[in-house]
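Shared between the two complexes below is chain A, which has chain B as its partner in the first and chain C in the second.
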Partner chain A sequence: MAGSVAKSTVWIAGQNAGVDRTVLLVVPGVLFVILLFIYPFLYGLGLSFTPKEGGFAANYAKFFSTPYLSQTIWTTLSLAIPATVINVGFALPLAFHLRHASRPQRIISGLLVVPITLGTVLVAEGLLTYLGPQGWFNRALIEFGLINTPVKLTHNYWGVLMSLVVTGFPFDFLLILSYITGIDPALAQAAATLGAGPIQRFRQIYLPLLAPGLAVVFCLAFVLSFSVFPSAILLGNPASSTRVITIAAYQAAYEDYDYSLASAIAMIMCAVQLVIVAVVLSIRGLFYRGPAGGAKG
Partner chain B sequence: MSAAGPAGLGTLRRPHRWIEHLWSATIWLAMGFFLLNVAGVIAVVTVSSFASRWLGTWLPAGLTMRWYATAWREFSLNYVLIATGQITVLVVAISILIGVPAAYALARRDFALKRAVMLLFLLPLMVPPISYGIPLATVLYQSTLGGTMWGVVLANLVPTVPFVVLVMMPFIEQIDPRLESAARVLGAGTGRIFIHILAPLLAPGILAAALLVTVRTLSMFELTFLTSGPDSQTLVVALYYSIFAGGVRASQSIDAMAVMYMVNTLFFLVVALRFVNPTQLVTRVKEQPRAD
Partner chain C sequence: MQDSKSPLSDRLSAPAGAGSSFGELRLDGVSRSFGSAVALAGLTMTVRRGEFVTLLGHSGCGKTTALNCVAGLLPLTSGTVWLDDRRIDVLRPEERGFGMVFQNYALFPHMTVRRNTGFGLAMRRLPRDEIRRRVGEVLDLVKLSAHADKLPGQLSGGQQQRVAIARAIVVQPPLVLMDEPLSNLDASLRLEMRTELKRIHRELGRSTIYVTHDQDEALSLSDRIVMLQDGRVQQIATPEDIYARPATIDVARFMGYRNLFELDVASVDGDWANVAGKGIALRGLRRGEIGRRAVVAIRPNDLVLDGGSEGGIVGRVEIVEYCGREYIVDLITDAGTMLQARSAQRVAPGDVLRCHASADRVLIYPVASGAA
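Moving on to the complex of A and B:
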């Protein structure tokens, strides 16, 4: 007994001296992320500046001087920006409406997890048939008399956009919901007691508190849409109208075996994402200059 | 919407009531339309997998089970499922072994660089897999791990280790640290504290994290696609290749494989949802304040 008391005293003394062994538990995780995330990233950055031929920036010069490659940035943006606006635009009012803990909220969140979990490959396979010329979607539109002949929605831009909505909207909804439920409802109740209507409560209580979170959601939603890959191949027209930047990177690496160019394209992809994220965060800064934390937990 | 407002004020704003009802109806219609289409996408795959022949009609001409046998044979699904199972078990076990101790240290201690460590764990969850997947695959291929099962496991661990850390931190924070202190005062060593105090209390959290990692690994397409070889494909990657090859096989056979993938993934998802809130799948858990 006396021995174990002495042992615990030593342990407490050790903690006070700053050699807390518990902190060391974080080391394997940190090493792992450095080795398999940070290192490959830096390696890729280095590799992108050691091209197969030409000077150190030859890959980047090639990317921006070859329309077949540089065009992919605009192709990707023309999918990612509308998809993000649609998804966040619909997710915000819906998540706001369901902000109180309730049975419908749980059921809807549970159902919306399904398309996220199934993932883009399965959604693409389903949409290929569902949106196809003989699919249920076109049949329903004809049945309701909205169209006379089937609309072409697969193997083009629209199919890919739809797939981005099917997997992106639930993701944004759940993310916004988690931010909204972090706002203390007592604040809105106080505003209501002081005579604020629903619209006023949304604009003057929720929106300012939500702005930082909303900017983060928008960034994540954009980054997710910008990295569209399997559905652009399966559901789009990967040779032209939906030849997105990930396809260019994939082809460079796995069809031309030019890992240097592929790394350069991956770096350009990250750079474009960073630029958009910076723009979104600076727009948020223009509109909102209060304390960022607020009532959010 | 007026649930949050005191009842007395509702009467003052009676003229606006119908607008609120209209707004509420619009919201539910939009949500219903979305869910209807998602249900359609899933149903179309399921119905097609049982269809004997389905051309230009609302529903197939007849139903059959034979496409499942065809898919099993044509896509060598026994090998694919064994590989998927092995990869998933390894990813779950390793990410729990690395992630839970890290989460414990982050939840219990304040130390220099803690914010930097948190950022380090957040980054792989924020950056889309395809962006870091190509450099990662390049490194793995140069170390001869590319195309092997261990390469796929390592690639899948990149997002799952941080995910376990973020899921486990709130679970650990809610365990009263005085329980551990009390055990230590009573003479328990670190090992005994872990086995008798922490493990039982953490078990539900670890189970939830393991289930969520299982779902993530089963449905992780990009990283597995970029790092797998012919013997290390998971079900979702095999599904991609079969859709990509398109007209080579009957579409019902591809859909039968898609249904097997769905059943697998959704089974673990449903079990996981018994332990966690759906919003936890996309973000860090926060306890929800009760609205009255």
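Moving on to the complex of A and C:
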């Protein structure tokens, strides 16, 4: 009895403070995030400041003073940013074109789910044979007399870029499609009755309403591409042109057994991603972010 | 119909695009099907310059479909639409230049009231100064100048609706289309906006096609009403005619003729007929060719409990409702027919009383399939 009275008092107090009891529902989620994300992150952060030798920032100094290591940031960015731009750039017009629920929309969405379920390793292996010197792609080009010797598309930059596009595109397409279908088609119809042609409807109505969603898609796509690892090894040239930052971290941890340096690299990777995401999201802040349906009475 | 030379329309009638005025809009057999379902079957009607025409009918009768066909948002299955002698059903919506007020307003949520309103002018590439001036004028007209820099999400329902109207009329369209613009509003705001619409129409004199399922709205706003049912036109007439002389029993039912019952035809003379049966004897106006039996339609308002001694209908009072000036009384006759009548005095349930209707308020229709 006393317990329940106390409980209800707490509840009333909570109400007065404007706290909803449903807020308690986030507790498991918060615990989960702390255990699986915050704790390892802080642990890694601490580890990165206890280097094998030298002062507490020795790992960071080493990373930025060793071109072999610091170079990996640019290598990764030069893969991740073009891959993201290509993906978002192609997914947007395709999704826009297929915005009306229709048979082609369902077929293409269905087909595009396949690469997602296959996973990066299978896609990388498939591309390896398809794009290789003896693969269909080169053989077809030679058949048609477009080239004499096979173009090299594997074990270099292009192979990795291609795999990032193949694995990232469906994801971006489906996300953008869901954003576009959330925009009330009556808005475009209203614009049309006011004299806006297709291009103006896209620029004046769809694009501004989509921009915040596009920014989120861009960030997600970028983060996924930035942590590229399997395809950089399988399809790329992990010793030089596609030596991405994850490879550097992997080598530090499992070849040199320098967990401290590996943690520092992971922290740097994290910082680079945060910078890009922050830039994109601050651009997003310039756009309208309310509901994209027609405002209701 | 209205004098279009009021000072306001002078100020607002800045140079507009081609086709900004016309003699009449003509719909000729306009039909639209969705798969095998016919949403609109052969709508033929004309809208003259400055006229306010209302499409009226139950939910699902094809009103929105008709409006979308005129606006160009929905391709026709068959039929043609003409603006004077120009065929326009082949044009895209942006080429027709009609102003449309959508049922849910469809305001651009990311644009301020000012930009929403000026959108059509910006699409016509008018100079910035002129856009500003005309938007300012139209926002004055709909009394929204104080809210010009808000987003639609920050406005009340009635304010949003006025933005939708302002956005549609600022481009000086030859024709304004409105799809149940008042349906989202509460009763008092609806009345207020109805008056507002009437005022705007009087001041600008724009031809308007208005869609509603509310008969009061249709009666108070329209020059003519097009009554639709299941995609078919039932009647096209003035509000007075449609109120007093519904063409069919279905229109009568829609227009509030709640007392509907089938009786034997006693005699027919010219436009008049006498009907009897179930202890009732009535004389009324004949609407169409009637056979041995006919359906009688009387409004509750026209059936008066007057305590007379003969003729009319005798019934026992069931329910009495006071509604201001008078009482609405539900009666049941000996033969079990339910009636609704009005009475100037309070009567008590259980009283047996006689009510009368003047012959020109009693309508007699042929028995149709589905009649009561």
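Everything that follows uses one rule, which is that the second predicted complex is superposed on the first by the 252 of 297 C-alpha atoms of A that agree within 3 Å, B and C clash if a C-alpha of one lies under 4 Å from a C-alpha of the other, contacts with A are read in each partner's own complex, and residues count from 1 in each chain.
Criterion: contacts are C-beta pairs under 8 Å (C-beta built on N, C-alpha and C of every residue); 3 or more make two chains touch, one makes a residue touch a chain.
Computed from a predicted structure; not experimentally measured.
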Just checking: does A:Phe49 make contact with chain B only, chain C only, both, or neither of them? Give me first, second, both or neither.
neither
Based on the superposed arrangement, let me know which partner A:Gln189 touches: chain B (first), chain C (second), both, or neither?
both
Hey, is it chain B or chain C that touches more of chain A?
B
Now for A:Gln200: first (chain B), second (chain C), both, or neither, which partner does it touch?
second
First (chain B), second (chain C), both or neither: which does A:Leu94 touch?
first
With the two complexes superposed on chain A, say which partner A:Trp158 touches: chain B (first), chain C (second), both, or neither.
neither
I'd like to know which partner A:Leu209 touches here: chain B for first, chain C for second, both or neither.
second
Identify the residues of chain A that lie in both the chain B contact region and the chain C contact region.
184, 189, 192-193, 195, 197, 297
Footprint of chain A on chain B - complex, ascending:
1-6, 9, 13, 16, 20, 23-24, 27, 30-31, 34-35, 37-38, 40-42, 44-45, 48, 55-56, 58, 98-99, 101-102, 104-106, 108-109, 111, 117, 120-121, 123-124, 126-132, 134-139, 154-155, 157-158, 161-162, 165, 184-185, 187, 189, 215, 219-222, 225, 236, 239-240, 243-244, 251, 254-255, 258, 261-262, 265-266, 269, 273, 277-279, 281-284, 286-292
In their shared complex, at which residues does chain A touch chain B?
1, 4-5, 7-8, 11, 20, 22-26, 28-30, 32-34, 36-41, 43-45, 47, 90, 93-94, 97, 99-101, 106, 108-130, 134-137, 139, 166, 169, 171, 174-175, 177-178, 181-182, 184-185, 188-189, 192-193, 195, 197-198, 220, 223-224, 226-227, 229-230, 233-234, 246, 249-250, 253, 259, 262-263, 265-266, 269-270, 273, 297
Residue ranges of chain C in contact with chain A within the complex
71-73, 92-94, 96-100, 102, 104-110, 119-120, 123-124, 151-153, 155-158, 160-161, 167-168, 171, 177, 184-185
Chain A - residues contacting chain C, complex
184, 186-187, 189-197, 200, 204-205, 208-209, 287-288, 290-297
